[in-house]
Amino acid sequence: MARSSELLVLPIALPIAAAFLMPVVANVQASLARWLGIAVVVAALGVAAMLAVDIAQSGPLVAALGGFAPPLGITLYADGISITLLIALLAGGLLFWAASPGDNVRSHVLMVLLMGAGSGLALSGDLFNLFVFYEITAVASYGLVAGRGSGAEAGAALRYLIVGTLGSSLALLGIALVYASTGTLNLADIARLAPERLAGVTGMAAFLLLVLGFGVKAELTPVNTWVPEVYATASARVASLLAGIVSKLAIVIVMRIVVLAFPGEQARELLLVLGIAGVVAGEFAALGSATLIQALSYSSVSQLGLVAIAFAISGTAGVAAGLALALHHALVKPAFFMLAANWRGPIDGLAGAAKATPVAAAVFVFLALSIVGVPPLPGFWAKYLLVTAALAKASPLVLLAIAVVLAAVVVEAAYMFRIAVALYGQPAPERSGPAILRGDLARATLLAAGLAVVTLTAPAVLDAIHRMAAVASDRDAYIAHVLPERGARAALSVSVGVDQRTERSIP
Amino acid sequence: MSLLDILFLGALAVALAMALLGGTRPAGVIATLSYAALLAVLALMEPLLAQSNAAIASSVKFQIIGEEIGWSMNGLGWFFALITVAAALFASWFSSGQWGAVQYDMRRQHVLLAVNVFAMLVLLSSQDLLGLFIGWELVSWASFAMMTQRGGAAARAAYRYILYALAGAMAVLAAIVIIRAHAASFNFADARMAVAALPSATKWTVVALLTAGFGVKMGLLPFHLWQAPAYSETPGASSAFLNAISARMGLYALIVTLLQVIGTDVLTNLSVQFIWLDARDIIMWLAAVTMVVATFIALMQTDARLLLTWHGIGQGGYMLLGVLIASPLGTAGGLMHVMNYGIYQAALILSVASVMHRTGTSDLDRLGGLITRMPLSYVTMLMGIIGLAGLPPMNGFVSKWMIYKSLLEGREPLLLALAFVTTLGTILSVYKLIHNIFLGQLRQEHWEIREAPLSMTVPMLLLGAICFVTGAMPGLTLQLVDRAQAAIGVPLLAHHLGGVTLATGSLNMLWVVGTMLAMMGMGAVIFYLLGGRHRAVHQYDNYAGGHFLSADLRYHFSHEFYPGLARVIGPWYRGWIVRAEASLIRLSDIIGHAWRGSFDAGITPLYVMAALVAGLLWVRSAGGLP
Amino acid sequence: MSENAGSRNPLQLRDQPETCRTADAEERSAWQRVIGRFADNCRARSLFVLHYCTGCGAIELPPTITSRFDMERVGVSPMVTPRQADILLITGYVALKTLKRVILSYEQMQAPKYVIGFGSCTINGGMYWNSYATIKQLDQYIPTDLFIAGCMPRPEAVQEVFLELMRMIDAGKANAWRDYYRNYDHYLANQQALFGPQWHTPTDIVAEAKHYGLMGPGTTGPHTRLLDQHAEWALDRIPEDYPERGENERSER
Amino acid sequence: MTLPWPPEFISANLSEASLLGHAMIAGAVGLIVIGLYAMVVERNLARIILGLALIGSGVNLFLVAVGYRADAAAPILAGSMAPTAMVDPLPQALVLTSIVIDVGVLALALALAIRVHEAFGTLDTREVQRLIAKAAAENDRGSPPHRPDQHVSPSVARKEREKRADIPRLEELM
Amino acid sequence: MTLSLLAELIVMPLIAFVVGLALVLMMRRVRARIERRIGPPLLQPVYDIVKLYAKRTQVSHGIMHDLAIVMLLGGITTSVCFLPVPGLEGLARQGDLLTLVYLMMVPMLGLALGVGSCANPNGSIGISRALTAMLAYDVPFVFVVIGLAVAYGTTSLPEIIAHQQSGGIATWGAAEMPLLAIAGFIAMHAMLGKEPFEIYVAPAEIATGPMAEMSGKYMGALFVMQSFQLYTIGALYVTMFLGGGENWLTFLMKLFAVVFVSVALTNVYGRYKTDKVIRFMWTWPTGIALAGLALVMMH
């Protein structure tokens, strides 16, 4: 059967090409350029859908660019997770198109660029390529955060840029270390060599640098300090994209690096510690937040901390839990931001919002219930997967993580329902509750409806996630897919390497 | 389609019907009749349960992440379901008339009541741990919705409740996941085998997590702070429902987990060194301390609803004590107390609700003398408090007597003494309740108050009457308890209509009540037939040391009703737990503030540097490499 | 030492209680008469005393009660509230303010009830005869069964009066309490003369008289009608102008 | 504890320790440390951006150093003849890419810095943070500042919140 | 059997009333003798009750005031019925010690309700004190009851008596469990509501508290109750610690002896304040009872 590997490049190439074309076209006809951008993203989404069907039927796709066979050339790799994130990115981009028709074409270009680079992040199978796409994504998001360039937006964007660039420099340093140790940048090749070459101090240092580097976008502690400021300043759609989807792309990269290049326990412990710190920091910071958007920002930090904890747990169960959490958050958080965009100001001032727009308040409560993790909503199953996965690996640190996760649920409920109680409170006599834009409400309701659908189809969805996680967590399979001719050798050396590694790791 | 399906569908249908019709006038009547129909369904289930002692399964089931979740109701769940539906019946009856007409959100109250009933039925028919947890969360959130509906103080109390409940639920989740990690499935039977094989430390963890988690709902010390304000801020009829049964869901879950999944033998084998206590003893002591502390806190309340809800917390301790003794007598007593408590507590809350309906307050310092204006409410409350205090001839006495006997048989004299002391405290506080509301001087502003309408008084009085009838004929209740006992797997208690016959002292309530009635008849003869005619006088015709009484002069001894006692035990009310809670909140506030301060993009390079240094050091030391 | 109050009471001239009054329903049947006789017998042997210690006379009571004279051996024992007591013992001068309390206490006692005026002060004002603040004759305000003359009367005298009262009760002659019901208007007139037209107590004597069949020709009159304007005993009505606390005192002359 | 010098991979790659190799590594580390130091201590955004540039240069130098071999020639294929020992060409390609990215990003950063200075009249990062928060608060429909607790102690913040009656406060609610 | 039980229902209260009157007389006589007085005549209790019933006017404060009297009389006579006496223990087998302890609280509740409906603050204060005192003395009493139940392995009163009578004085409760007997005696003494535990009556302070508004036959009923109460408490103590009654003679001797000691002690005490009552009751008798309980548990 013919595989559609060749199509893999399209979701990346089309938008990037369009991004360069659009300013030119805009010179002729501005609206044409805008429509071109949207059309390209729609086309990319169509391609992604085709790819998804193919992958669901016959497993991961690999594409070698320029005809160089791996590990020499640049490889694109797509499995269930990548394609899910790709679709989420493109669909999310369309839903939260962060530029309105009246805007300068620049913001449209940035959106298209973000789509293209994000697709690259989802599909790339090459470490340096990842870095490049990461930087393009970052630049596009700085531009989007800067928006129309008011002082606050520019300031937030600049401060974000400084943190982001620092992060990417660290990531590049990490990549250099990896390259120095293994002599290759192809992820599959790195995976093949990792047990021998990356288990030592250098490898761990590289991992530390990579995690800190990619952690900026993945909102990992301690490089997530930009989060509250940017989300509070940028437009709600940008915040939705960054918190909902781009962060997931970054954290999945971290997962890939952990699974493929650093399968040892040490790296996982490091990620676990960062995850725990993120959960604790995010939840506690959110607890006393003054505004809704602030609470949501911190909640986003803690949710990504949860994902990090999940990805730090080895095996399919961990990846599945992380994936479930990530996808759930990708569905829920944008909807929250849509509501929060209209409910600005102190939480206390939100009293009467439920009376003004009952649907919005109901959506909020529904989303809050899910994010807190109330059965039978999807959020519960995600957290349940996390706890069960973690409990299977009962080390003291993991037990601590479980305790933190469970306690975090309570803290999460504390601030979420403090807000919900405020929404349903009586407004001050002279004012009515805040109103809400119809478009925002529609988007939030759409996502909530999606959540409801997932609730009803939870068994099937969880099965699909499990299947994807099984593929993504299988290092040998990845190597075999990308490097078919070296597969057997790789498997052999890997098993030997693992043995050595385990022997060494026992103190 | 099994009877259980019909039950579920029925509850859902009530919720739906109330969502459509809840605002209309006959909504209360419709709801009452629907709950009566549900009761009939439950009654139809009884013979099936009695025949085979098997559970009635629902045909709804689904599979998720490799687990199958289904529902089936056994005798224990059936027993609790009976109380649940009956409580809902009386609550909606009470609100079917004038009381409901003056509520501005009656539709919501009706819907939420039905949703609560449905959630509880789901919980009560869980047949595995996962189903138990899901039902548990459903119940928690359903009652949260019920408590929060009034906003303001109610929302605050409900918010506090949901945090406690969620913390409890998370403890339960942890325990369930631990059990699942060792068991083949979530089934109770599998779980039981797995628990028996666990190492002792894990057993302790599981027991502690389950007790704490489910104990939150029961208001077990020290997780009790939420309950009284949350239940008492709920509107009258809903409050009666919550008080009667909601907290008992915790008991149900504890029975299921501690008795069925873990088993008393495991509990008694988990011993603590040097203090001669095992896990069961510790939980029992916890229950006993809850009982005493909550009751004596109730004694100090100045609000009728708070007083009653605090008692609710304390009464839960009795039930847990009886159940944990795990003898036929003990479990029967504990389970019977669940039902008895539901009856008299509902009567009491409804009585207070009707007083509030008329006077607008439940502040014990602002009432008094209402007996002349609201005699039927008074009679209800009188029956209720006699039940609550556990004095003959009301039903509360029988169940308490059985719990006492079982404690004696289990050779737990200190627990028994605590139970007795609790009863004494209860008598003191219920007298304060009835005295401050109904007895003493009638206040001028209540001069023109009338008795509550029949739609309110009839269900109240009916509850009071049930309280008396089941007190005089405890065999009626014990028959229902049999079903539950059979489901737990405890040998059935031999009983007859009047009570139980034991070698170590029997109880025949028929004779006790009969004697009481006869003697009271004799007292009536002595009092009414002998001696001169009596004449009722005005309340100001009262001996006050020669002082002239008048309306503007408050002459009702109600505030700080037990000064002597307060002087002795007052210093014990330190509010340790309240203060611990407050400091926890402060602490999290401060930590949160610190964390928020730390989110500053300008400091990131410093964090990165620190992370790099710490990370590299850790990498080197943990790597074990040169 | 002891005097029958009846001969001193100007009311007695108007109303001859023993001859003119209609017999109670109970007294018509022989059985009731037997019971009544038995009751009188017991009443005479069981006397609970409320000693209203208005003045110095109280000092004579401890010896009467304790081991020297031991009143309990004849069935007399002290009680502390008018509700429980049979005898109201007024031990000394009665100031105006005290009189209000005395009247209230008397009205709160259960019939049959007896009043003993102790010492000269209750008979004619005694050494306070020219005081503006004391009343001179107790029996103008409440019917008095017996007086004890003297300043101070000795415990023996007290004892003697108790024994005399017991004899009277046993013989069914200690009926001054009936006079209060039957001639309430007269007593009320004297009280109102002192305390003003608004004077009233919480006890509804007229209703009580009606309830127990103790109505007499003088029970109601112009003064009790005055009472109806000021006092509201009915349980179910809020009095529009119920007297404020202390209003009684303000209306005093 | 011994210093991790020379790093494992360097000793593996540098067949014989060359002065240039050591100097490059040391220089890269030095540049990165200086850049980080600048970012930590400086509050002026322009200087921070300079620190960023230093770090970028350091990383690039490090990349070059990774591919360096003391005894090898430049990887230039003249005709079909290949030198026996070549410097690894890949890192140099990477560095080129990296430099291009750095240029773009730094340009963007400086452009933003200019915009910030235009808007706020300052480049002090803390001042900028404060002004951003203020602007965000004003954005919230003229409501009072929505981060009172960022600049005041918890107790003061609590008191401020207490002033707003009838809204469930955290400490009251729990 | 039912017939004999019904007969007991009629006979037992009658006996108790007569004996109770005698006990009241003894109490007053003993007090008089200790005070070097002569004391009331033989029929004084009867005179008092008849006189009170024969009052022409009777003040009622509402239906509850009346019903409370009924409840009070009914409650106390019910507890009388459930106390086994020689030859009459059929009813006692239908309940047990625990039932009896609870039945004895019913008249207290009845009194409290009646006093409350009088709307007299003195009464309410008195009831507040009485209930507090009940809480005070029932704590040691509860330990005593539990100790007894544990020691005899039964709560059936006839069984307890049978056990005590099995070996003469040596198997009496007082001989086997002297500590419990002491604590029980103090608690029982407090139950009588006499000095030093009569703060709730306190005539000069709160005008006899609960009785402040009780007049005529209401008071008379309280007098009746007092005689029943003396009987009940004395008989309960005899049953619990003095081997019950082998026959009526010994039973009455023991009963009078117990009440005699108690009322004699009464005269040498002043009055404790409410909090003093609690403190005393929760320290000494409770401590003694706990020690007794510990001894029992060790056996």
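A, B, C, D and E are the chain letters, set down in written order, and residue numbers restart from 1 in every chain.
Note that in this section a residue touches a chain if its C-beta (ideal position, glycine included) is under 8 Å from a C-beta of that chain, and two chains touch if they have at least 3 such contacts.
Quantities reported herein were computed from a predicted structural model and do not represent experimental measurements.
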item	value
Common touching chains of subunit E and subunit C	B
Shared interface partners, meaning chains that touch subunit D and subunit E	B
Most remote chain, CA-based centroid, reference being subunit A	C
Middle chain, criterion being Cα centroid separation	B
Far-end chain from subunit E, centres as C-alpha averages	D
Top chain pair, ranked by how many C-beta pairs fall in contact	B-E
Whole-Å separation of chain centres (CA-atom averages), subunit B against subunit E	35
CA centroid of subunit A to CA centroid of subunit B, Å	45
Centre distance in Å when subunit A and subunit D are each reduced to the mean of their C-alpha atoms	22
Chain centre separation (subunit A, subunit C; CA means) in Å	97
Residues of subunit B engaged with two or more neighbouring chains	152, 155-156, 159, 163, 372, 532-533, 535-537, 539, 541-543, 589, 593, 596, 600-602, 605, 608, 620
Interface hub residues of subunit E, defined as touching at least two other chains	54-59, 207, 212-213, 216
Junction residues of subunit A - those touching two or more other chains	159, 162, 166, 200-201, 229, 287-288, 294, 414, 418, 421, 425-426
Pairs of chains, among all present, that meet the touch criterion	A-B, A-D, B-C, B-D, B-E, C-E
Complex interface listing, subunit B residues touching subunit C	372, 444, 447-448, 532-533, 535-543, 546-553
Subunit C partner contacts - residues on subunit E that touch it in the complex	28, 32, 35-41, 43-44, 46-48, 50-51, 54-59, 203-204, 207-208, 211-216, 219
Subunit D - residues contacting subunit B, complex	1-2, 4, 36, 39-40, 43, 48, 51, 125-126, 129, 149-150, 154, 157-158, 166, 168, 170-174
Touching residues (chain side subunit D, partner subunit A) in the complex	4, 7-10, 13, 32, 39, 45, 48-49, 52, 55-56, 59, 62-63, 66, 88, 90-91, 94, 97-98, 101, 104-105, 108-109, 112-113, 115-116, 118-120, 125, 128-129, 131-133, 135-136, 139-141, 143-144, 146-149, 157, 161, 164, 166-168, 170, 173-174
Subunit C residues within the subunit E interface of the complex	38-39, 42-43, 45-46, 66-67, 70, 72-75, 79-81, 83-84, 86, 108, 110-112, 208, 212, 214
